[in-house]
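One structure, pasted below without further comment.
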């Protein structure tokens, strides 16, 4: 292996005796270890996001970028773009991940025309494909940036200008071709500006019909060229716009059903977006998996006292346990899903080595969550809670109702003279405090092993 | 007219020269006046909510009720319930509304069995029907309280106990019969506890299937007895539970589609609930109307710096203008919709006369909103904004795309060599600040007339 | 010991091998064990809140109480009040806490006059004092309920009516006398309605001057009768009112300084209130301890996606670790402080045994937090982080600045020609992700021991 | 006048008959008109913010700048900086404002050393002073940007590095000298990064002591050079950092008192910051004015459903009326205060003319607010509300309490046997709904004149 990220060796599993304070190593992520009959790496399928990890300069609305990166010395944009590919692939190797994600504009500089932009991109893709061959790295998903350039100031698939919309379609076309070249397993649409600043000047329904059509055209073209990626929509409620159409999982599923997209598209869900929509990450994953719509996961966390998208690397074990519980219940993240770190170090963690610290805490936190979820599953702890709580539906009256054997009249007959005390006796305490205590217990005992 | 609410005369339209400070009277609500070809009273169809206006004692989680009401002298629960009917109908007459809304348990005390509860309720309904005949008052909608009694501590249609579920169905059955007796135009389901406290002990999908079945059974029974009310679901994201299934309009529409309820059910939307879900009231109404799902409106407002449901009487003219703009665009609130004041005076506005002040500010604020919306419509102000903004879709390339004549390849051909400057030239400024200024102008100039 | 709470034995420390799922017992709370040179029970000084644990019926704004308690059979209010004392003291014994907290109106029913209310209260206090003698139980603090009764609808110390204010003072007088009788170590003021619904009708400054005077009169009277409790104010930003004057720790400290109360009063801080004010609990404790104003702690947690005060029992180990870190840094909670569970089980955890589960998870979570904080302290982990980060202030230029030896001119001279690169070199990465990983490590490794 | 902003004539007062839709003009702002004995322009003292109006490219975290400005043709940074001065002063003239505000780094490009940066800045200041002489334009306040450059990534006055702190002091020194040159009436400190990302690595008290010292040094140096500006601190709760020390008005006042800054410093308050802290703008102004700490106002508005700082131009008449009510009660904004538009057009309002629309809606909204507040003052409407509500404090018992003639014992004597009914009779209804109706009435009737 080359040594572009100097001073960093390949990160290996060292077990839970040391922390990052004492050196780089995984405490919980042991890729080949089997959990519930499957290797950890196959449950988790970690992916690094090109835009955050290699492009993000750690700017914020009140400050210039603070990041220092070893490839900052390449000042020509194309030189920089090409050099970065080497740095990226060495980073993947040293970190020990199998997947990457990228969008088009983070790989190569934009030209004055789409033809020029495509040409720039293709050069970088050539190098990526070459590196893939050498390393076996796979692309979890790729996407197209349809929100940064000023031409997209009012959206792309929902642009008020049909010319901008048409341009977005053309840009997407090439991005799908790129996806095919790199063998992307999924293709993601995040609707950064697909929403509104104000309802007063917005034809919401018309805009939604436009973007639904764009998704259909994308699917058609993917089929045409034989790019068989799973298509995914990524919900987010707001930021940059005041309101984005793909507000949350439920809203996006409603949209997909309305426009006949629910057969071909699934969801890519992000933790920080869940919170901005007023939900837990677990809730969003549950909604998607129960609807058969769970596609893939963007792994990050927000700060619930903060109202914007901070895309922190995940470290909260309660949240990773809850997310991985849903994954365990689902049997997998999604047919081709993975955990993509759509996350960036804090602006104050600006050194190159912080990129390693950040990914390790993210990977270890999800690996820990998997271990805890698996332990709760193996012991039947939560299955017992549910079985007891819903027992009255598994036989007798409950079963009859589920089987469609009862109606309002038959039920009234049975309940008309039931006294309050008997009704009250049919209720159970949830013992939620006991459940929380037990989850704490599982976290500590499982992770200490 | 009797004079149970002493010191209050019938409220009449006095025009905009005086305010409530100088005496009771409507400044903007002139029921027979025509606006956009329809009487104000037919656009607005105001309704008074029995539970808040006549039952609410103005308690809060840290305080006992402060309300003083003229019927407080009736101490026996049934006496009180029967007396209140007279007070209610005189209130409607003095206020000048044509509709009321009620649930079952706010009309009459609960007995030990459903049979007893029904009997209590029926006595009050007898008196209501009598009063309806005498006054012509109509019922906008009725509903059933399936959340206050401890038996419903974990929900009714989503109760973990099938017996509680069965009881809820039986209670609903009678409530539908009551609806038929009073000629209710709609029937509302608000899912107060139909959600979860914790996902760890919840089978979300199973619970949703159960309540969907309950809605189907309700519709079936309504059909059976010839109660042809429009069925409505009322979204709310949380409170009392941590998460309620009918989170917002989009989520509820998704649920209805999933379970085949979208043909028979529509939405009843509340302003404060919209805010708790992270939306404006206008947004929720827009979502519903564009989906053909707008049924009726609960008129109230929240405080956006407060995280719980305060159900304030609406007074914010920006919000009532936006709501009525959507109604004007829709041609009506809904096929049988109205504006029900699901609102209570502040706990510090505890006098009987505050009930009049409160309803007047609510009615006048919506009447004002209607006047402003109509003026903007008549001048074509917002229609022009939209027409200009989306002009590129009405012909040429945009029309071809909408007509399905383009695909990714044809669009790439057209755009591949378009320079950035030409793309940027296709974007327009929104002039949002100019639009806000113009809306202020319409509010002032219309209402000053 | 009697056996009023049937089926519950004295809770003992069983270590971390079992959870509440397998039986009642403490995993982390071992009262006599020494941590950092002090017994756990002396670090933590747990207290049970009478109002929540024994009075709270588990109502919410949309539902009646669900609680079932073994003393529900006593239907006469005074009988119930007196019987409850026995249940309470057995509860303390079985749980193994040394402190209780109460307000006046939760102990005994209110009479028509203050004289009657005081007489009722005194009878219950007699029994409490008797039980204290028998058991050695101490009172962490008492307080007076000046917010539930409708007379306090616009506040007590900030009431617009001077008569209500005067009554509040008289009620407080007796509450101070009660405090002296039971030997309360602190006396708390929580300003439930000391704030405003609307600024339009509020003389904020005058109201604040009134309540400041009430606090002074209270301190004067306490001194006069020889009740030497530490006086405490408890901040909360809102609920029940729109805005409460004691918004958060910083605001309350500003108020105390403005009115000369900062010598005699300190703060009682609650976790859920911190979140409602937009802060972490750790932040509020830090603000108070650095100002020398940390008095005592109300132990509970909120749900950061919920905008009202849920007063959940604390179970989040991140939050208890952070809170106990501040306590460890402070050397103690406060001169006479403790951890009072101002917390209630969820409305769905309505059984008597849930009171035990709830307190155990609360006590264990704070005991766990203490263990983790102590381990981080003993290893010098966070001290090292701070020492490194602020090293430039401990000598040379930084020390000169701190010592007042520099001014703008001397500093300009030194920095006027410093190039950007040298400035940038003076900044450090925070490595925040590494720190979070290390805290996770401490939680797991410490608690697994 | 030159014509750099082509197509725009001087904006004049046209009265309320037309809106911005029909052409540029003020509906409510008539600078020479007297309101409550003072010219409108003297009540309002509008100021344009250089950074937002002339520098802001309308970027957001997900998008590049969209703004097009007539001076974009100047590509050399110093050429651009110098040219912009002419555009700025013509803008002021055409808009009809008397004040500007600026910080150091928005005027001129930064050099490699402070000496170079100062030299660049001085050239632009020369031109500004020249333009001031020609036009009579005054500087409401200037400030120093201590947050954008990466060297300030962890703060300036609270930087962990003493070298960065020292550099900040040196930068401030020159900024004060600039203030003196341009005759700035105030000098503002906004603590963009003066706070923390995490408490785990922060010595909060030490950092606060450092910045307090910096403020003292700044005041000392201003005195030394005879720059007699009013010093102002601008609170903001968060963004860019997780928590900023100057959280809100009350917190900042507490800080000033703790460090002896309250004699020399006052507050500059911003509407959007108030909302992010959980307050209304009116609340923050009230807190400041009642503490004698109101210095100046940053005029903008947020969106209460959005959790980040959008700095919208103010258009909400409820908010401007409330803010101007507080100003009217205060007699003036502050001794040298004004209304500075710390506001930017929406990213979708990117044309040069939107800068005019935006400022006009902002100026007109505050002028309207002044008119409404004055009308309510002249009629004594709110004074009557307060007088009635607090009447019991103006004589008898209330006066005795205020005069210190009562204590707990004397009050107990008076209230011990007062029955509940008499206490309840001492409470009043707030009639808050009536008040809101009346405010609506004042808005419409005043502005329609």
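Letters A, B, C and D mark the chains as written, and numbering starts fresh at 1 in each.
By definition in this document, a residue touches a chain if its C-beta (ideal position, glycine included) is under 8 Å from a C-beta of that chain, and two chains touch if they have at least 3 such contacts.
Owing to the predicted nature of the structure, the values given are computational and were not obtained by experimental measurement.
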Co-neighbours of chain C and chain B - touch as defined: A, D
Given the two chain pairs A-B and B-D, which is bridged by the higher number of C-beta pairs in contact? A-B
Nearest whole angstrom, what separates the Cα centre of chain B from the Cα centre of chain D? 38
Chain A and chain B, separation of their C-alpha mean positions in angstrom: 36
Note the residues in chain B that touch 2 or more other chains, in rising order. 66, 150, 153-154, 197, 238, 278-280, 305, 346, 348, 350, 427, 430, 432
Which of the residues in chain C come into contact with chain A in the complex? 16, 18-21, 27, 66, 275, 278-280, 304-305, 313, 315-318, 345-346, 348-351, 353-354, 357-358, 360-361, 364-365, 368, 381, 427, 429-434, 436-438, 440-445, 447-448
Touching residues (chain side chain B, partner chain A) in the complex: 112-115, 150-151, 153-154, 160-167, 169-170, 172-174, 176, 197-201, 203-206, 209-210, 213, 217-218, 220-221, 237-238, 243, 247-248, 250-251, 253-255, 257-258, 277-280, 282-283, 286-287, 290-291, 322, 382, 385-386, 389-390, 392-393, 396-398, 401-402, 404, 406-409, 411-412, 414-420, 423-424, 426-428, 430, 432, 435, 439
Residue ranges of chain B in contact with chain C within the complex: 59-66, 147-150, 152-154, 192-193, 197, 238-240, 242, 276, 303, 305-309, 346-348, 350
